[in-house]
Amino acid sequence: EGRFVLVAGPCVLESLPLALEVASEVKGICDELGLRYIFKSSFDKANRTSIYSFRGPGLEVGLRWLGEVKSTVGVPVLTDIHEPAQAAPVAEVADVLQIPAFLCRQTDLLVSAAKTGKPLNIKKAQFVSPYDMRFVLEKAKEAGNDQVILCERGTTFGYKQLIVDFRSIPIMRSFGCPVMFDATHSVQMPGGLGGASGGDRKFVAPLARAAVSIGIDALFMEVHPNPDEAKSDGPNMIALSDLKGLLAQLIALDDLVKSELGYVDIEEVLPR
Amino acid sequence: EGRFVLVAGPCVLESLPLALEVASEVKGICDELGLRYIFKSSFDKANRTSIYSFRGPGLEVGLRWLGEVKSTVGVPVLTDIHEPAQAAPVAEVADVLQIPAFLCRQTDLLVSAAKTGKPLNIKKAQFVSPYDMRFVLEKAKEAGNDQVILCERGTTFGYKQLIVDFRSIPIMRSFGCPVMFDATHSVQMPGGLGGASGGDRKFVAPLARAAVSIGIDALFMEVHPNPDEAKSDGPNMIALSDLKGLLAQLIALDDLVKSELGYVDIEEVLPR
Amino acid sequence: EGRFVLVAGPCVLESLPLALEVASEVKGICDELGLRYIFKSSFDKANRTSIYSFRGPGLEVGLRWLGEVKSTVGVPVLTDIHEPAQAAPVAEVADVLQIPAFLCRQTDLLVSAAKTGKPLNIKKAQFVSPYDMRFVLEKAKEAGNDQVILCERGTTFGYKQLIVDFRSIPIMRSFGCPVMFDATHSVQMPGGLGGASGGDRKFVAPLARAAVSIGIDALFMEVHPNPDEAKSDGPNMIALSDLKGLLAQLIALDDLVKSELGYVDIEEVLPR
Amino acid sequence: EGRFVLVAGPCVLESLPLALEVASEVKGICDELGLRYIFKSSFDKANRTSIYSFRGPGLEVGLRWLGEVKSTVGVPVLTDIHEPAQAAPVAEVADVLQIPAFLCRQTDLLVSAAKTGKPLNIKKAQFVSPYDMRFVLEKAKEAGNDQVILCERGTTFGYKQLIVDFRSIPIMRSFGCPVMFDATHSVQMPGGLGGASGGDRKFVAPLARAAVSIGIDALFMEVHPNPDEAKSDGPNMIALSDLKGLLAQLIALDDLVKSELGYVDIEEVLPR
């Protein structure tokens, strides 16, 4: 209940100072605006288009930095895992474990993450329909974890294009779990730059408005002080300096939805 | 400026009493809620999936009924044309001429409609990108008509599915024209019923909210007193009895957008 | 039965000399290789991306030129119509009437073409599933015409891309009608050039091989002496000088299929 | 050079007797027809739609069974891995390591597989364009392994549907590596059965013909003595009893292609 939670941070842990800067600046904005905030950043980009791309500091260093962000800035942190063996060590630091979209059907990864008892953010794969996320959710529940949020981040649409099917928000909420919208990966253009994924950050605002107006529980956005020089996902991240204005608009919409309109609720969508 | 205009009515002119009933009831709702209203209905469904389907009363009778609606209920009317020769006679009655989505690239149809001098509602074809609607718009302008609204109504997504790419709203607005969202055809499932198009009206509300939150100039919805017995597009039309509640929600969103947030405006998207 | 029929010619009737040159050269090649040949060219490109594009000589002049091709070169001719009123005059000259893909659901156009009694080539729209072409076929049959061939020419796949689903060949043949494959429009990239459709003719050969190996009744290819200077569809047409080599390969495949392998036949696909 | 290699077997190692039965029967057919044969089966289905589905015997038992197949039947074996740590132990038994489609962008998995020095079969993900498989190939090469085959197995097309873009065969071959076509996974319908993937094996034959006619180096087909009772992928596997007839047809096509027509070769497709 209440306003959407913001999950935000730089795509990858480029450095500890960058992580601290983003976390504290976003925390300041959220405190001022009255939003709950979870810091997000990846210790490893395990599936970059090209082998020559920057991958991050790795598990050990990454967790140390995330721990530093938690204690210094005083925010919960979320990060993603790529192999079952990473679940337990990551759960010692992270407050929320994220399952990457490409990996959302990997049973062992889901089960090992679920078994940590930590809340999970599971991204809908670009190749999975929202209807079939029910089975992904069930894998986590069957492993004993009910604290799952499902996240929309776009669907394969031809080559080098994603499209967001906003029907997915009420569909996935009908399974009885909260839903997050990832507004920055949804504007990616996979492989669109030749050897790297492109993106178009000017569509972050309209898509985020659309999601909030339907009713979401959490909003995910990657932010960076200087997206055009970021080491990953630059074309779709938004600039830290644009965050506050965008959030203020989304909060106005969210307040209207949460106080007057309500979530768009549909009957539970059954398997078919 | 101001609130979105509502374009609504039964998909096809099933009978004069039905047209009058819907027009006057919707007009009453719009007057109460403070919306401008344009009655929409087709005199001919020229592209039904099956040859056995009901097509409508035809041009002559249809225009007589539309004239009756105008004078009796006191609302402007919009209807669609399918051949260049229909433009002139239809323009004698209709206040807005609509170009069907499948036909939005037929140059002669566009030009003949444009030359009537009437405002045009051009639907984006399911097979055309929003970027390429610039060229459709140019055809109308080149024929001397600047009063064009472009309408989003979904894009082909695999078989028997449409998907709405909400990026189209700011993209098409960047061409300098108003944009309409067709909330009921956007939830069609083409050919989904075997010999007829299906649809899923429970998604009308979330998609309409999404569009309004981004900022639209007009909203299109087909309504019927009893959609499940309608002669065309039943599965995606909404019931007349549900209209007022839905509109009230959309107006709340629209008022917030128009007074505080503004349209999502992007720089003009150039041909590429 | 027997080898596929070749339907080929320049996309649009640019001039009478060009039409005669292409027709006689292709006829020479087909005579030598042992293929039946039908000349194809359009008198009007009624749905160009841009209003500034060349459209062709129009109905009257176009029919005169087509008549000239028939009598001078001695080949049957095929051309496409865009409005019901064109069916009768075109049928006086053309041996086969073609329904354009975008228009394959326009009932009046189909019925008027069917009523001429001429064989019809109906192109599957980019937005229609092969399953639903059954209803298109039924419209023609219901109007009294059984001489229908259905033509695959690609399906909308994201923006600016078509994709060919080769399952369509056995699916459409299962309705009891012959099937054509349009190898040059299938490699179009709609709107891909900004104001004009692009294409990639290097994929004509692999896609044509695929179709022939499954078993088709007719092959459609637009050819031009100098595609890069053609007035329409240049990027996807093949050069006249490449035609013979390509056809020789396809005939080798076709002979194997027709003599030994047989068409891939599947049970009739029923509506669902 | 020479005929395509057949990679075939039951989707998952249901039991040792089943594996031995399929391997020896397929080997007999291939010996008779003159095809090289590699047995394929998975020790773990790590990404089933539902957590309740059968997954296989696991790494240890699975490798023992694969070793048994190798020594008893005398065929090379291929199997897929899902985590980097599986690469080394699997390489002790398997002659070819396969990277599953969903995982083809996981850098660590690719690199660990590449470092075993074994030939790799990398499946193109349903969400990756054939153009971008160049970067996947580069990851393996950068890790020191040049023995890579890229495999087409369909692309996401709306929900619950795959589509095969046959342009991918010449595109991926233009990178300088051999190409495989997976004819049975290409006819899957992901999630199409509610909690399990469906499929339509009647399209295996036309799609396999299409691929062979364009020119492929290897053909992948899952076979089972009784597909309708198989523990995974039943709807798309073909029956062992249908294999010989289908292969005979494909060999006839392949011989024509390899002796007369040649592969369809295009210029190297560069990143863009």
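Note that the chains take the letters A, B, C and D in the order they are written out, and that residue 1 is the start of every chain.
Simple rule for what comes next: contacts are C-beta pairs under 8 Å (C-beta built on N, C-alpha and C of every residue); 3 or more make two chains touch, one makes a residue touch a chain.
What you see is a predicted model, and the numbers here were worked out from it, not measured in a lab.
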item: Taking each chain's C-alpha mean as its centre, the one farthest from chain B; value: D
item: Chain A and chain D: spacing of chain centres that average the CA atoms, whole Å; value: 33
item: Distance from chain C to chain A - Cα centre to Cα centre, in angstrom; value: 47
item: Overlap residues in chain A, where contacts from two or more other chains coincide; value: 155, 157, 159-160, 163
item: Graph class of chain-chain contacts, one of line, ring, star, complete, other; value: complete
item: In the complex with chain D, residue positions of chain C that touch it; value: 155, 157, 163-167, 169-170, 202-203, 205-207, 209-214, 249, 252-253, 256, 260-261, 264, 266-267
item: Residues of chain C defined as touching chain A within the complex; value: 157-161, 163
item: Contacting residues of chain B [partner chain C, same complex]; value: 46-52, 55, 82-85, 102-103, 105-108, 111, 125-129, 131-132, 135, 138-139, 142-143, 155-156, 159-160, 190-191, 194-195, 271-272
